[in-house]
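Next, two complexes with chain A in common: one pairs it with chain B, the other with chain C.
Moving on, here comes the complex of A and B:
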């Protein structure tokens, strides 16, 4: 056995089990989702009918099913605007050669490593309409108690705030890495030419962070498609299903409404949106 | 000179300190809330503070209620140890064969494995559930996958999923590429076999990446909620800590007792206990978390 044969044997002995495992755990489900999305299976009966594109027509025309998709994008937009705005600001402040950067970074990053589900449970203490802390505060100031759980706007706002609070540290750390990667002489040259701090920011920092911003943007949108715990544990999708997000709808359809077919059709929609975004992300040109 | 520099940064420190206070406020509120009694917490506004009963640690004891903590903890740690062992083996071997050696079909094999990074987990969750429910010859299923419940509510599910990560293979491969193949040639001359070369020569050189993989896996497994909810939701005997603690908190969030109130201090006590290990792990090993994140962001 020569060297090439031996290495081919070694290579495939490692690669083949991994590919086989990947095929069973991911490729079979990938084929299954494209089958079950065309059925009306309820999740437990032994028989089902093929219904063609009915599930897709339904989820793309019925308000009940479009709402989670729109909600996901609304939340994504607000989460991205807030976390990118605050994240970039904090990162700029933290790259100013000040003392204690490590301390601030630790503080900002701690929420990232916490369980979203447990955070959502703690948020319930604040948001309970009966004796929640937020209503107690409103009462101290002489305001009217608000039944948060009956308000779509408030529920969406709280879910967004929780997601921003939890994810901000990640955006900050990424932007710090991006800013530290910008050569210092760019700024020196600019200041020699008479540029002020604002001009340096808009003509050097922002353009140089373009690649990092794309990365943060795409991972944030993908992140919005992973929102589940705050919706399930705080709003339960309510009031009247108006705060549902796509992932919660997938779960809800399968396990509460017993529409496995529609759940799989929603999965296909997610697959395309997130798949395209991931593809763009992986195709990014390196800095 | 030094004085002016310090002065110049005062506004920066003020803004950052204020932001830090806002970020930590919910956790600080929870700590104080967990230290006081239910009666004292009633009508709390901005800062929970004892009125009559004083501080006490009793709210941190509810988490240890029978069946809710120690068994789930054991299950979580077993799952972590098992999956990390496999992640370690697959990442090191995979990283090695796709960087140090050359073989026929290498590019194709690597492309297939890397393509899994583009498949979103949330979109495949539902069909994975169906497949696991219908898995042949598991959990009472016959060869056609009928008759039983397969891997659903079956503890084996924790030990057959998540055993490799293409992202981790990618990270290790990048590191091995920068090390180069010279060590392998030297090891061959010294008579080292394939596994000795991978695990005793190359692996020790990428310890920081190994740390990133293990730490991220710990946080992921510890906090995992949706996966156990779907696959183990109907079997309260085998729930990992991320799910069992959330269920335990539900019991305290419900209004109960003579006063018809929820026990919020207990909610905080339980939540904080559950959050302590990830916070400790992060604070002690934060350079690995930060480098792990920027590895994907900058090079990815």
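Moving on, here comes the complex of A and C:
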């Protein structure tokens, strides 16, 4: 065995565990998803029928399945915009020389490590229709109680707020890293040329954060299409299934409705959407 | 350096290979180990729970200890291995993958989705000898198919009307009227309480606390009223009858009763919040299983569910929290598994269960023999024990092979409309529409 062959073998040996791991836990299941999405398998049986594109037709025509798709898009748009907007704003403030910046960074990062179950419990205390904190506050100010849990709009808004709040810390950390990576010389030169803070932000900070923004955007898109726990633990998809999202519907179809074929078809649709959105973003050439 | 690199690579390869093998394989059982997937009241971590400070107060852990240790003592060399694999959808996901890979346990606990498992060949018929005759017809209704028994309920619950004497007294209702015998009497009492507008702490008390939690939770608690009216959700021929005349009569009554519910309670989306509301004195009445009384034994009382009219002959109930132990297709030692089920149904273990859980034993002979002792121990369970002994109940909610969650979600919308409508005439239309929707969903998505 010559040196080249030995190095090739060594390379394969190093890569083998992860290739094996990826093949067993990702690639094979993915192939199975692509197969079962064309069946009416219930998840238990040894037999199933091939149904062609029926599952996809159903998903795209039955409002029961369209609704989670639309909900996911609505939530994704708001979550991405809000988390990127607030994340950037907070990151800019936290890179300034202000007193207690470490404290603020910690405060914003705590929700990231907080369990969703704990957050859901807090949300339930706030939204309880009997003695919920929010309604108590509204009543103190003379307002009328709101049926949060029966209101589609409010429940969706709460899920968006909770998702943004929970993920904001990570966006801030990424943007802080991006901002700290911008050479100070740029700002000094701009300052000498008479640029004010707003101009520095739009002509230096934002363009320099383009790569980081692309990364945050892709991870946010993936994150937004992976919302599951807040929906399951806070709204349960309700009221009347109006806050269901794609992932929740995938789970519900597989393990509650025993429609594994439809569940797999929904997974393929999700994969397609996330794949297309990520591809569009990745095609933008990094600076 | 080169040597270190080789060792590192070897370890990586070993890790990858072992991970892949581990993910392919299942847990290996031997003939002397009985693997049982359980949920409450059987606690796999009972030893840790009991070793904690104050652990001897954990009644479920004590019950589990009694079950495991007495069975192992009676079967030298046998080990009972309890494993927690979740409940409902979480358990379904585990069963699905284990069924495909033939790594199911010997025994598993389940509830209303067991009929689906039976149809899919995941469960084997059990043979529990004399105990089969001792089980109430009501509890085995859903696991007896083709004359074969596929599971044995060892702990169950039925519904009774629970009431808060203090609230009824505050509303000026005389004690002899606290236990209504007809729907009309229940409605009048509930209206009186709601009109009295009394406060319990910072809660304004309501008449009847209706469970409007979407899905099976609300449906479970509507079913006894529907059955009392002579209706059901699915008839004996397996036909969908959500919109039958009798069922509509019950919905209309529930709609009237809902008008007396505590403010905001119809918007509650979790069972535990309803439970806390009732415990805190939020309503005079509620229809519930026995567990609420276990927590507040001196405070609340229970009685039979009122009948539609004094002349009504039906007094059907429904089970709730019916815990069934079933044998899976991968059971290696059927005799041992059957013996374990019989062990759970034995008088000693049924007594341990009664003391350790807030549900009811299912061995009818045991219930008859120990009736007085049980009432002495837990007097607040009398109404429930009477319902059990009179065998006044049938199976639970119907199980659907497909679209079960979708059907119960649609029920949630329908039931909320029924409870919040101000026009009782619309209930008939709502029920008919719902019945048609369910029929449509059951026709299948691909036929």
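Note that the second predicted complex is superposed on the first by the 255 of 287 C-alpha atoms of A that agree within 3 Å, B and C clash if a C-alpha of one lies under 4 Å from a C-alpha of the other, contacts with A are read in each partner's own complex, and residues count from 1 in each chain.
Keep this in mind: a contact is a pair of C-beta atoms (placed from the backbone, for glycine too) under 8 Å apart; a residue touches a chain by one contact, two chains touch by 3 or more.
Every value quoted in this text rests on a predicted model; they were computed, and no experiment measured them.
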On chain A, do chain B and chain C fit together or clash when superposed? clash
Just chain B (first), just chain C (second), both, or neither: which does A:124 touch? both
So, A:238: does it touch chain B (first), chain C (second), both, or neither? second
Chain B versus chain C as contact partner of A:262, first or second or both or neither: second
Is A:137 touching the first partner chain B, the second partner chain C, both, or neither of them? first
Of the partners chain B and chain C, which touch A:192 in the superposed model: first, second, both, neither? neither
Which holds for A:21: it touches chain B only (first), chain C only (second), both, or neither? both
Tell me which partner A:252 touches in the superposition: chain B (first), chain C (second), both or neither. second
May I ask you to decide whether A:145 touches chain B, chain C, both, or neither, giving the answer as first, second, both or neither? second
Using the superposition on chain A described above, determine whether A:1 touches chain B (first), chain C (second), both, or neither. neither
Of the two partners chain B and chain C, more of chain A gets touched by chain B
Against chain B, colliding segment of chain C, chosen among 63-71, 207-215, 225-233 or 279-287: 279-287
List the residues of chain A that touch chain B in one complex and chain C in the other. 10, 14, 18-19, 21, 25, 124, 128, 130-131, 251, 254-255, 260
Residues of chain A defined as touching chain C within the complex: 10, 13-14, 16-21, 24-25, 40, 42-45, 49, 51, 54, 58, 64, 124, 128-131, 145, 147-150, 235-241, 251-252, 254-260, 262
Touching residues (chain side chain B, partner chain A) in the complex: 9, 12-13, 15-16, 19-20, 23-24, 26-27, 29-30, 33, 42-46, 90, 93-94, 96-98, 101-106, 109-110, 112-113, 116-120, 122-131, 146, 161, 163-164, 166, 169, 194, 219, 222-223, 225-226, 230, 242-243, 245-246, 249-250, 253, 255, 261-262, 264, 267-268, 271, 274-275, 278-279, 281-283, 286, 289-290, 293-294, 297-300
Contacting residues of chain C [partner chain A, same complex]: 5, 9, 12-13, 15-17, 19-20, 23-24, 88-90, 92-93, 95-96, 99, 116-117, 120, 122, 202-203, 214-215, 262-265, 267-270, 273, 277, 282, 401-406, 409, 412-413, 416, 445-446
Given the complex, residues on chain A that touch chain B span 4, 7-8, 10-12, 14-15, 18-19, 21-22, 25-26, 28-30, 32-33, 36, 46, 86, 90, 93-94, 96, 98, 100, 103-111, 113-119, 121-122, 124-125, 128, 130-131, 133, 136-137, 140, 165, 168, 170, 173-174, 177-178, 181, 212, 215-216, 222, 225-226, 228-229, 233, 247, 250-251, 254-255, 260, 263-264, 267-268, 270-271, 274-275, 278-279, 281-282, 284, 286-287
